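Naming follows writing order (A, B, C and D), and every chain is counted from residue 1.
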Amino acid sequence: MAILTLDNVTIRFGGLVAVDKVNLAVEEGNIQALIGPNGAGKSTLFNLITGIYTPTEGEIRFDGAVISGRQTHQIAALGIGRTFQNIRLFNELPVIENVLIGAHTRGKWDLLGSILRPTPWVKREEEQLLDWAMECLDRVDLAGKAWEVASNLSYGEQRRLEIARALALKPRILLLDEPAAGMNPFEKQVLMEIVQKIRQTGMTVFLVEHDMKFVMGISDQIAVLDYGVKIAEGKPEEVRVNPQVIEAYLGKGAKQ
Amino acid sequence: MLVVEDLFVNYKAIKALNGVSCQVQQGEIVALIGANGAGKTTILNTISGIVPAASGKISFEGKDITDIPPHEIVRMGISQVPEGRRVFSKMSVLENLEMGAFVRNDKKGIQEAMEHVFQLFPRLAERRKQLAKTLSGGEQQMLAMGRALMSNPRLLLLDEPSMGLAPMLVEKIFEIIQEINASGTTIMLVEQNAHMALSIASRAYVLETGTVVLQGNAAELAADPEVRKAYLGE
Amino acid sequence: MFLQQLINGIALGSTYALIALGYTMVYGIITLINFAHGEIFMVGAFIGLLMVSVFKLNIFIAMALAMCVCMVLGVVIELIAYRRLRRSSRLSALISAIGVSIFLSSLALMVFGADAKGFPEGAFPLHQIHIGNADISTLQLTIIGIAAFLMLGLEFIVQKTKIGKAMRATSEDYAAAALMGINVNRVISFTFALGSALAAAGGVLVGLLYNAVSFNMGLMAGLKAFAAAVLGGIGSIPGAMLGGVLLGVTEIFGVAIGYSSYRDAIAFAILVLVLLFKPTGLLGQKIQKKV
Amino acid sequence: MAEFLQNIVGAVDPYTMQVIVNIGIAIPLALGLNIITGLTGQLSLGHAAFMSIGAFISAICTIRLGFPFALTLVTSGLVTAAIGAMIGFPILRLSGDYLAICTLGFAEIVKVIFLNLDITNKALGLTVPAPKSFLPMPIYVWGIAILSIVFVAFLQSSRFGRALKAIREDEIAAEAMGINLARYKVQSFAIGSFLAGVGGGLYAHFLGYINPSDFGFLKSVDILSMVVLGGLGSIPGTVIGAAVLTAAPEFLRFMSEYRMLVYGALLVCLMVFRPNGLLGGVNFTGLLLKAIGRNINESIPREKGRRKL
């Protein structure tokens, strides 16, 4: 069953059509990839799903309910977690606090909770959130760095911390925007294992990625975007030999 | 002509370049290819002086230019067409070109350079009075290139000239790049469209996470299975 | 009556516009609200006063000298208090600007004392001109004329000269401008010089208009001029002129219909309303949210 | 009990006591702004306006309605919070500099309104009678200061406070974590205003005289400097900032003429050389542990450190 569907989604910025009538269905439990050259509209699509942009036309549905037009925080609370292409951590805060903020929707106590902070009820929730945050850090292999300030982490670690923070939301679908960008081959390998482990918990993963080795090795289904238009879709081995895809990536004449 | 030796660049805690060395000979087109975040743009920006080098040395025509500010670098004969074009959108096409000639004071030479640009890009001549933001993506790319040529650079740095352009236009732009090169300007090209880049370059460097992993003759690299693998995951 | 108030409003508004231009140019180029700008206006007024009353210079020469001194002052302020903070948070630069503002006004208090000073008798040849039933002074006409002349001059510099074009390029895209070979620091200094000169001219004119120059005249005038810049659309030069004149006219009419004790609130009420309903101002451009 | 406290207070010389009380009044004011600007990252240049609202509301409660002092303070805090929320709702959509300017404009409007109302006695200002309370006033003031320190400390380490910090660090990422920006910003503004209202109430009753002109732009800058001096977002920093900047003019009395001049220059130097505040980035807990001779890393083992957050 499709957990996330895009129906004829279009967005225009001024005269530019960044995403053009895209139809897409992400199956529950799958790792779905979205690839395409720079400027193809991939990140824009993620921003549409998470409500940072509102589609000019078309509809986005999550688990049956229409989410296009809703606010970003409402969409997140429904169970869509994400990372960002250009890493957006809470830089001055410790790693653990980043993840605790990710777990925001898992907590209940609010302003009153600040006043009742030392009472057992609030304390219990905080303990639970902390345990949960530590667990999320563990899943990306960062538990040992829980008390470091986020901006002191290396690039690869920052990318993983973003994933842990998104996981803390306990999302039903996880959107990863170029998770492997800037990583060395070893870090990429580690990341691949992490993503596979995440999928084993039953979570759906939807990722944008440039590294073909990574995408081909991990995805169940791949969609290809070029100039805002979906030009191909299918299993990795199908997409890889698709002449249109080869042309979009390597340029004309690379068809062999 | 340009020699980059053991260049390191950091952004805060993040290492963007880890000891890159490369060079460009007079008259060449040299391509830098590699995935996003590999450090291609950082190399160009460090040469241009926008990004400071942590260590290493860049020399141009024998002079050390590592710590020279960007506006001096342009005077020395290097100009850059930045990624995403970055034309001055609220200024006219003509004014954009004038900005490109900012370092020059020879009225006649500027006039000649402008005619040369209009010859390369007749579309710009038609639209010389329009504001740059009203141009299409392809026209903006042409304007960005024309603007960089106005200072009569001996070395032109091109960052992702094909990005976001329709295939027809990409071919056109690449033809013009070859034309510019043929008229005597040396070119260093960063491009994600690897095949296209390798087809016009004489030599190329393949980057991965801030280091050069492959280098050599462009034709050989195009046939190299490693390159295909890096790009298509074969 | 209407015509009279309109002229009064435009004369006052022209001085706001002169100050607003500096705010708008500086904000346009380094996105900093230069809180010290109001104090530069005040210093300009004092220099003008000094030249006229102590050195017995002609008022126009005094104004030109005040403009020169303030140019230097503006450049020095940028060099000392803002340049090193260009990459820090906006808050740091803003507080530094507030620090400069406090410094300059307390310096003026120490040097010139707490009382408002007036220009000597006859510093400006005052005549009244009757148009219909309105009394318009030569001073008002001169203010409007000088302001219009300076604004046209500024528009010429920004639109037609090489350095003016470099200013526009720098305010649009810092890095791209540097790639053109533009010395960005020099362009920023030039912007401060230009804005400060206009503020100084405004200071001398306001000093003449109210025949009062005091150490604390900068704060309120500066804030109102900033409101004018926002009203017109910050970063836009025609916007600052329009905003200044509109604000001046509204203020004078507000006073005329009996809200004189709310005079200072009028400008800020307009400011708050503009920010709420059209944050980009009347002539400002929309900024795309970046993700 | 009350007599005993009275004796303690009486033992300190009145001049010193006045400075101590002034510090106690500055603390809730600065902490209120610290929540808005330090914790949530929303620059407010109109904090003195909220202080003045609290001051006048409390004065009116005492003079016209004869409220007991405690009720007066609660009322002024709540009314100020309500006004803060009301103002905050529309203006918090604005970002950065625009918000700063809007708060500044709002503060000027409040000042002008107070200067024109009969109930605030226009430009003449109000004389406020000394409050009747069984506790000596200094103890009262410091009790409230300590309460507000504890409250803000709780707030900072709670889920609510984390949401505010997330907004400060990155609004887009915070929203993607399910944080409702508008709601948290308005709440933070309201809480900050509450503390400003309480501080204003204390100020009115301790000084005994208030005038709308006392709460101008410079007063807002004064409070902001306390927060910035100590390092944005830090509670010990804010308390130290409040203490230093309240006491400093007393120590600088010998150079009273140059006081504001030095103050302005110091503000510039502070920003240029330490843009994060004089005490910004200082780990106060760490210093404390060091002072009692403990190793920081040993003292916060994983399990214990958790609770520290």
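As a working rule, contacts are C-beta pairs under 8 Å (C-beta built on N, C-alpha and C of every residue); 3 or more make two chains touch, one makes a residue touch a chain.
What you are looking at is a predicted structure, and each value in this text was computed from that prediction instead of being measured.
Q: Strictly by the touch rule at the top, which chains does subunit A share as contacts with subunit C?
A: Touching subunit A as well as subunit C, we find B, D.
Q: Which chain has its C-alpha centroid farthest away from the centroid of subunit C?
A: Chain A.
Q: Report, in whole Å, the distance between the mean C-alpha point of subunit B and the mean C-alpha point of subunit C.
A: 42
Q: Measuring from the mean C-alpha position of subunit B to the mean C-alpha position of subunit D, what distance in angstrom results?
A: Spacing between the chain centres: roughly 53 Å.
Q: What whole-number Å value describes the gap between the mean CA coordinates of subunit C and subunit D?
A: Comparing mean C-alpha positions, subunit D is 33 Å from subunit C.
Q: Give the residues of subunit C touching no fewer than two other chains, as numbers and ranges.
A: Subunit C, residues with two or more chain partners: 291.
Q: Please output the residue numbers of subunit A that touch at least 2 other chains, ranges allowed.
A: Residue numbers touching two or more other chains: 52, 84.
Q: Of all the residues in subunit D, which ones touch at least 2 other chains?
A: Residues 172 of subunit D touch two or more partner chains.
Q: Under the definition above, what is the set of subunit B residues touching subunit A in their complex?
A: Listed in rising order, the residues are 12-15, 35-38, 137, 160, 163-164, 166-167, 170-171, 192-197, 199, 208-209, 228-234.
Q: Using the touch definition up top, name the residues of subunit C that touch subunit D in the complex.
A: Touch residues, subunit C against subunit D: 27, 31, 33, 80-81, 84-85, 88-96, 98-107, 109-110, 219, 223, 226-227, 230, 261-265, 268-269, 271-272, 275-276, 279, 291.
Q: Quick check: in the complex, which residue numbers of subunit D touch subunit A?
A: 151, 154-155, 157-163, 165-166, 169-170, 172-181, 187, 191, 300, 302, 305-306, 309
Q: Considering only the defined contacts, which subunit C positions touch subunit B in the complex?
A: Spelled out, the residues of subunit C in touch with subunit B are 162, 165-166, 168-169, 172-173, 175-184.
Q: Would you mind writing out the residues of subunit A in touch with subunit B in their complex?
A: Result: residues 16, 37-39, 151-155, 158, 178, 181-185, 210-217, 227, 240, 246-247, 249-254 of subunit A touch subunit B.
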